[in-house]
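The first chain written gets the first letter, and so on, giving A, B, C and D; residue counts start at 1 in each chain.
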Amino acid sequence: MKPLFYSDYLEGAHPYLLQVIQEANFEQNPGYGEDDYCKDAARRIREAFSVPDADVHFLEGGTQTNATVISSVLKPYQGVLCPDTAHIAVHETGAIEHIGHKTLTLKNNDGKISAAQIIDAVVGHYADANHEHVVQPGMVYISFPTELGTIYSRKELTEISAACRECKIPLFIDGARLGYGLMCSECDIEPSDLGKFADIFYVGGTKQGALFGEALVICNDAYKKDFRYNIKQNGGMMAKGWLLGLQFAALFTDNLYFSLSEHALAQAQKIRAAIKEKGLKLFGGSPTNQVFVELSLEQQERLAQFVGYEYWQKIDDGHGAVRLCTSWATTDEAIEILNNAIKTL
Amino acid sequence: MKPLFYSDYLEGAHPYLLQVIQEANFEQNPGYGEDDYCKDAARRIREAFSVPDADVHFLEGGTQTNATVISSVLKPYQGVLCPDTAHIAVHETGAIEHIGHKTLTLKNNDGKISAAQIIDAVVGHYADANHEHVVQPGMVYISFPTELGTIYSRKELTEISAACRECKIPLFIDGARLGYGLMCSECDIEPSDLGKFADIFYVGGTKQGALFGEALVICNDAYKKDFRYNIKQNGGMMAKGWLLGLQFAALFTDNLYFSLSEHALAQAQKIRAAIKEKGLKLFGGSPTNQVFVELSLEQQERLAQFVGYEYWQKIDDGHGAVRLCTSWATTDEAIEILNNAIKTL
Amino acid sequence: MKPLFYSDYLEGAHPYLLQVIQEANFEQNPGYGEDDYCKDAARRIREAFSVPDADVHFLEGGTQTNATVISSVLKPYQGVLCPDTAHIAVHETGAIEHIGHKTLTLKNNDGKISAAQIIDAVVGHYADANHEHVVQPGMVYISFPTELGTIYSRKELTEISAACRECKIPLFIDGARLGYGLMCSECDIEPSDLGKFADIFYVGGTKQGALFGEALVICNDAYKKDFRYNIKQNGGMMAKGWLLGLQFAALFTDNLYFSLSEHALAQAQKIRAAIKEKGLKLFGGSPTNQVFVELSLEQQERLAQFVGYEYWQKIDDGHGAVRLCTSWATTDEAIEILNNAIKTL
Amino acid sequence: MKPLFYSDYLEGAHPYLLQVIQEANFEQNPGYGEDDYCKDAARRIREAFSVPDADVHFLEGGTQTNATVISSVLKPYQGVLCPDTAHIAVHETGAIEHIGHKTLTLKNNDGKISAAQIIDAVVGHYADANHEHVVQPGMVYISFPTELGTIYSRKELTEISAACRECKIPLFIDGARLGYGLMCSECDIEPSDLGKFADIFYVGGTKQGALFGEALVICNDAYKKDFRYNIKQNGGMMAKGWLLGLQFAALFTDNLYFSLSEHALAQAQKIRAAIKEKGLKLFGGSPTNQVFVELSLEQQERLAQFVGYEYWQKIDDGHGAVRLCTSWATTDEAIEILNNAIKTL
């Protein structure tokens, strides 16, 4: 079998998580996330991110988490500001519109948007004499890391957060790959910073060592009330919610979540080194577990003989960018096969 | 620990399912249900239910499956006819309304509705001079077994199905507990009948031996096209969809799904025998894995000392109905404790 | 031509309204309700109903007004408590569900619901251990007069209003026929009471002398902000909003609105007198401009030879209720024809 | 009073329309568009546009017409392709998203999009390996004339229409200012062409001589069924629908609709001549009733002393574009004041 670098959710779960599920399998746990594992996991997450007063909920996947949060926060006539590359804007089959809201896209810069763009959008909205005829910006959605693997700096996040407060709209951070951002060497923010910047964020499990699951952290009191109704209404309340609690409790035991993140990042760095050594050009500035590289059509074909990768986008008639993802599960053997293949391009 | 009979989704999964997950854990599978396990599971389900041309999709839970199907089938101005006890009408926090549709409830008779009620509703709709001002009945939703554990007879289902065809609206059967219905001794329909009656139905996993998951079976060609868009839009497309395929493939290996159902039913019959022997009165006519019994307040308190049960509803000032659920996982020890407790009431 | 008593919106507008439109026709007015006529009309309505701080908006019709208000007030997981005869529940083609909300119907008593029913519904909701799985009651909708022409007494409205405040949910009163209620001899509340009871209400124009239009009055500050966005989003912001302002300013000049209401009520009383004299039985207790009477099939046929009426509902195999509506435009000639016809039944 | 050129819906209705309303005022007409005036108007519109088999419906305004059509045509996971300047994309407060659909914007070229853009969008959608994760293009919306007053040529519309058929998605043309497009000297299509190009279009009344109202023409049988349910559900079914029928019947008597259009166009041409004579620069290529001109800040201020205009957009720090609209009601006196003012700039 060729090793696959298509995405970071190809394998199941870290063995420790399977083990705890196995051990708990015949326990009888209350349903819908009202079990002790969820309580324990919530406690650990509050501690890991230094958000002692946050509400923590567990949902199965990112699309439903995004829709649930956005449906919960916005008024009917409001939309969500986000990069034009945002997952909610391009890869969730209009889940946000399905439940009534517009994604208000801002031009991304290597996956990111800036505080200035947010302020311009909000100030511009109210400056428009016809603003009542236009969807009102009601919140900001960014992901950390972004869809392009890039990360916001402390300075950028501080400014974005300040912009949101100035505009009186909340900041929601999609952390589907949160650990891969926070543990990356270029990252100058700490887990404990997140709750200072964001009103709501989530800690991705699906791509970070769990079978599935996202841990949603609501920091701002204004958004806590009755949130579980929203989860149920949006189809995100797992009958066996304890499966989520159990996995997140395990991931936040002995720093496992962050260790697994570091592993993926180290593997990505090995790929970047091979790319650099070969004289190939990285595409974009991702320092995280997603490695983007520019390849000619011939190089793409050749690489495909050795490993699976995701074709990302056309650059010019002869060249395109491809994506190589590492994860908590990426083995040294897979990296070796990939890096040997890179040498031959 | 007291054994709990609150519900049929208290435990994890049948050990064989955990084993296959464990074994496949480090494979690299494509995402979103496009893997070989899903294909295999679909094939097995088509075979088990004799629906060679059906499309089979796997979703995580019932609420999202119901919303996805109903959103997919109905036109905006249509609603879904269902019993007033239907899960979609009372226990999904308005998920159906959230995506734009009304639940058109019909008075249930021990959890069931009849063909005549369906025809009356549809004929009555068009007979109303102002029918364009009223939500148009666009489909029928029933569950098998019902929320009250009862089952439709072959005659009833034949009539309901004929009524739907006469009214030119599809029949959707929620089979969250399908096996517990089909395997029950009073049931006079076969798995192979379901696809003849229903345009769409699903085979519940969450309550029937899986960690989670429902296998949706679309029999009528009219509803197949582009269905996966709906799944994604409604937040039901699991990144690691192979977890669903793997579990359903396992459940439909060596008849496991139906054997587990039979186990739960046998355990429920033991409870009913104890209830009868004690001279207590069953509430409603459930022949499946949900046992409802009428108890005085004192009897309820006493029973609670030995086992967990779900309080169902008030009967009169001194009496109420309680629910005792068995499942694939209900042990003989638990039954013994319960039945001994019943003797003391 | 037979005189028609089908409904109270058969004619156009009171001639004075046509005259003011004619006079203003070639003025150049700003669009979207931001003109001086709307300001003037709002001022007059605030005065007529003694709600000096209310926001007043003008919309074209009832269905869009109801949907706009309800969409604006409710959180996504909330529904609107209302009588099972409520217009929003039965005659708006699911407009409320279309934009995401469930109508939570309570059994009506001659078109009305009681404070006790509201409290039971709200208390019952939170008492349910699974309330997060159930749509949360988020507001109350009643109409005054009701769909059956009945009116709430001061005592009933005081209690309903208190119940809503106790339950912390707003009260919204649909006043499509408000004048016909307030001016009726049995009515013991004043226009100035309405704003004390309701958080939001509207003053119907379409059935009360205008070509079209409903004047929405938001009394509770909590629901005022950004309301015009909701109007636009729900398609209710007329380009030439001044047509609405102009008509309502005219209706609230020299008490015209209430005089027209009195005319309709007087005509209805004449019909009731004829019905009584003939020894026929009124259906329900409407004291307003809708007269319901029980007639045999033969009587229905005979009456249809002389006037148009609306068949309302079956009473038994041989009898049904029919509706006869008067309006601001009902002439003495029409009443005479009708009453002569009644004599012959 | 300064003459105002803000928009084309500042005045009421052409006097003949007021007259027919006046005359019909005390007739008793059935509600909801089921009267003879609506039938007559529909017949006249079918004739004027040579669409003998089309269904014609009358709604009050553009936003509700757009939402009703789009809600009716699209499946839940589909969006509507449109120019990024489209009214539905920017000026309807997200009405389309409110009822569940995404506007899929294409970069406009002076207000227009091309057949190639449509094909690229649709082909590109299906070429994306992850297209099920992306909103599917389900229809095309354009306006004629566009928001910038420009018009599509026969060649362009022929190509767009062919592209839609090739892509199997319907074409919907917003004709809020239809007459101002069709009667313009640069226009090389006939009223009878519209139904050949579009599956659905509408004939604007609000900006073209009526008090309000849009006549929706459904040419393609596939979209006819049950359409009135959609109108009611979206709050667009006027109680006194005969007001719409009556006005459209009048507009399509003796060619009034098109004569009024010609008047507005002639007045616009006079403004363009004055602009040209003054040596000012038109902004964009509108040949219709909307005249856009580039003015310095000083010129804008000066012009504002004489007439009302709409500031359109910034061009550079010292310059902006302003909009001057004519309509069926624009008087020669107003034009004279404006053109004299232009001379002084």
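Everything that follows uses one rule, which is that a residue touches a chain if its C-beta (ideal position, glycine included) is under 8 Å from a C-beta of that chain, and two chains touch if they have at least 3 such contacts.
From a predicted model like this one, the values you see are computed outputs, not experimental measurements.
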| item | value |
| --- | --- |
| Chains contacting each of subunit B and subunit D, listed by label | A, C |
| Selected pair, greater C-beta contact count between B-C and C-D | C-D |
| Chain centre separation (subunit A, subunit C; CA means) in Å | 50 |
| Averaged-CA centre spacing for the pair subunit C and subunit B, given as whole angstrom | 42 |
| Rounded Å distance between subunit C and subunit D, as computed from the means of their C-alpha atoms | 34 |
| Residues of subunit C touching at least two other chains | 71, 76-77, 92-94, 98-100, 132-133, 229, 232-233, 237 |
| Partner subunit B, residues of subunit D touching it in the complex | 32, 71-72, 75-77, 99-100, 132-133, 136, 226, 228-230, 232-233, 237 |
| Subunit A partner contacts - residues on subunit B that touch it in the complex | 1, 3-4, 6-7, 9-13, 15, 18, 21-22, 24-31, 60-64, 67-68, 71, 92-95, 98-99, 206-207, 211-212, 229, 232-240, 243, 308, 329 |
| Residue ranges of subunit C touching subunit B (in the complex, touch as defined) | 76-77, 79, 90-94, 96-103, 129-130, 132-135, 311 |
